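Here is the structure we will look at, set down as structure tokens.
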């Protein structure tokens, strides 16, 4: 971690904001331009996310690690704590605050770019048992992927790997893979394709935390004994 | 091979399970969301598989080689046996058992994520002469690709290469390219887009074994004289 | 900068011409072949641009830096001026002239390849407040991405990163992300899917210049203190 | 060039055959599965080609250079002749013979995989003035891309670069970018989506040869003075 904390928090704020702007904005465009086929909308939405998320990880990774996700920051703390190199818990808290603020800001930005009201509250209920199982799977897989890369010195691959993983998870999970509490909260604030009703948010976040635990257990089982490297930033220039 | 056998078997189980969850789950989503165009369904299904398979190879490659496929494990044994470095035949057997178990588990997981019955048996007959020829071609190409990379010290490219190859083979083969006995068996257990009727499974696996032989012959013809490297794991961090 | 200025100007002319030919040409094809769904047209148009732009950056990057965009050339001058290594302002002017000429030439080429009149003037008004906000965001993100890569010695990733970013920005911005004054001017000259009416051009370019300033400020905030490397060419062979 | 000539010819035969099988086979699948939208068919066809062509270049590149295209082989001879390292003209002839044979074989293979007659002659006339201009542009760009990579020691990027370029060129050229005499001849033999009527073949190949000259001139203008490296194989393991 070379960058100062304020600079890292700026990067996390902007990165999460732009991530939600990508998710929500491309969802609005897809809904408007392909009104006859929801699958086509999701294909457009997911392809934009694959490429956009990868670009954002490249853009902000060397500054803050490009977490954009409190679950990832928590895992970074937990898996790096023994070697004293991960985020501190206080830093995780600060990361989470700006990630959530960024998530909300990104939804507002997307709304404004498409000439919609700055804030609308989503009415899309998403909390079914299948969707919650999907969030557990999606989040566990995300955590396992990121820290598998970190613990095998392949952090430079995080951009295409994570972008691609999320793009796939839009499809193979029934929930379209939120897998991120900050993004989940941000997506409340746009009553459009990618929105989520407030009543579904707590169950989604709870499922994501279960997925976090599962993902960390997977890493401890599959990539043990490399604790001294666990605090590598997710992305680092070669 | 650094990891212990139990750890490698866990990786092969989880990787194959998640691979089938990707294939079956994205097939269910595609079928539900794009009901009017089967081609669009297959495009959605294939794009999810490209990105998902690549992510899984990155996630589990350094642990087990990320075979997820008994045909690949067999080829690894055969091509590496002279140098005494590939999987042993006993290990191939253990790999195959957990790959098949994973394949079945992945179909169940996909069903549950989409709030379907945990197990349904596919009724989709697939065994035509064209499809069997397609499975031979698809499997031979898969084996040739993987071991071309291994034998030219480019194993680190396996994730995008294999993901992309399978995505292409969904389209250029008439069978949509199963090319994997464990995945074929797993796909029995979901009567959805990506399913396969039990009566078609034996011919498909037989064709895949013919493809395995053909692929190995191609490697021996095109990349001879590098037997001492044949047991490199498929994916290894740079 | 190894290449002579005339060679670099040839590369910028050809690269910008081919970039506009990709954008306009694939737009024409999409409009003709998928008449029933504008979203599908944009998906086809954006995927062609992702792959085409990446290829062009690889093709011309080692010669001229593959800017293809006066905004990028301006940022290169500004961010590299302290170390005396970026483009000079005179060179920026020369780059801009050939970029604009190339942009126009590329639209003509696309029209001719599709057996249309060599020049038609677009009638598509695009200047809404949402679109102008979108151009600011899209351009700021583009500048931030490119110089984040440059300032962290990852310029070799520019081809997939920039191609992917623009592909995402087609979707997450409401304007479909022009983000480039030369391309904006070129797109006047084809009254087809990707065209822009002359009356919308000045507001778009103004918004792009605002985005340029914002992007440069972001780079100074996130990647300070590396002024001595700011003049690296965008793409350089490994 | 390490491999013996017979091995290289086998690689060129198989690679060209599989390339045409990818192009023709995915075209048949697209036509059958997405009957209502020709653009969607081309999107499916082009995405399969992006991924399939990249995989084939990885598979055969270290053996033969993965030309799969007489135009590329001719450029390899011409650009490498001064340093005495490119293909000899006799080798170009041998390459072209097996490339053409492979192209025909690949069309037959695709037909058989889809349970069609082994050989049908395409009735799709394609020779318009716009299409011929498009073939010149597409071929010049292909040659320029490949040898830009070769002359800047980035041959290892050929697989994604060439795959992506061709995928873009399916869309931005009106001809869908054949850009390859062997593939053009092969595509005569399938009266399906990707076919070409025999009467259009000679004009297409002529246009491709014009594109070859143009592409070589571009390389000489943009990447001069590196003649001693011009005979590097297109793809070489890192």
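A, B, C and D label the chains in the order they appear, each numbered from 1.
Heads up, the rule we're going with is that a contact is a pair of C-beta atoms (placed from the backbone, for glycine too) under 8 Å apart; a residue touches a chain by one contact, two chains touch by 3 or more.
In this text the structure is predicted, and so the values were computed from the model without any measurement.
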When each step joins two chains that touch, the fewest steps from chain A to chain C total 1
Turning chain C onto chain D by a C-alpha fit takes a rotation, in degrees to the nearest 5, of 90
Comparing which residue numbers chain A and chain B contribute to their contact, where sharing over half means same and under half means different, the two sides are different
Farthest CA centroid from chain D: chain A
Between chain A and chain B, the Cα-mean centres are separated in Å by 28
Here the gap between chain B and chain C, centre to centre from mean Cα coordinates and rounded to Å, is 40
Residues in chain D with touches to at least two other chains are numbered 37, 40, 43, 47, 50, 160
Full set of chain pairs in contact is A-B, A-C, B-D, C-D
Seen from chain C, its contact residues with chain D in the complex are 3, 7, 10-11, 14, 18, 21-26, 28-30, 32-34, 36-37, 40-41, 43-45, 47-52, 54-55, 58-60, 62-63, 109-110, 112-115, 159-160, 163, 237-238
Chain A residues touching chain B in their complex are 37-40, 42-43, 46-47, 50, 128-131, 133-134, 137, 141, 144-145, 148-149, 152-154, 157, 160-161, 164-165, 167-175, 218, 221-223
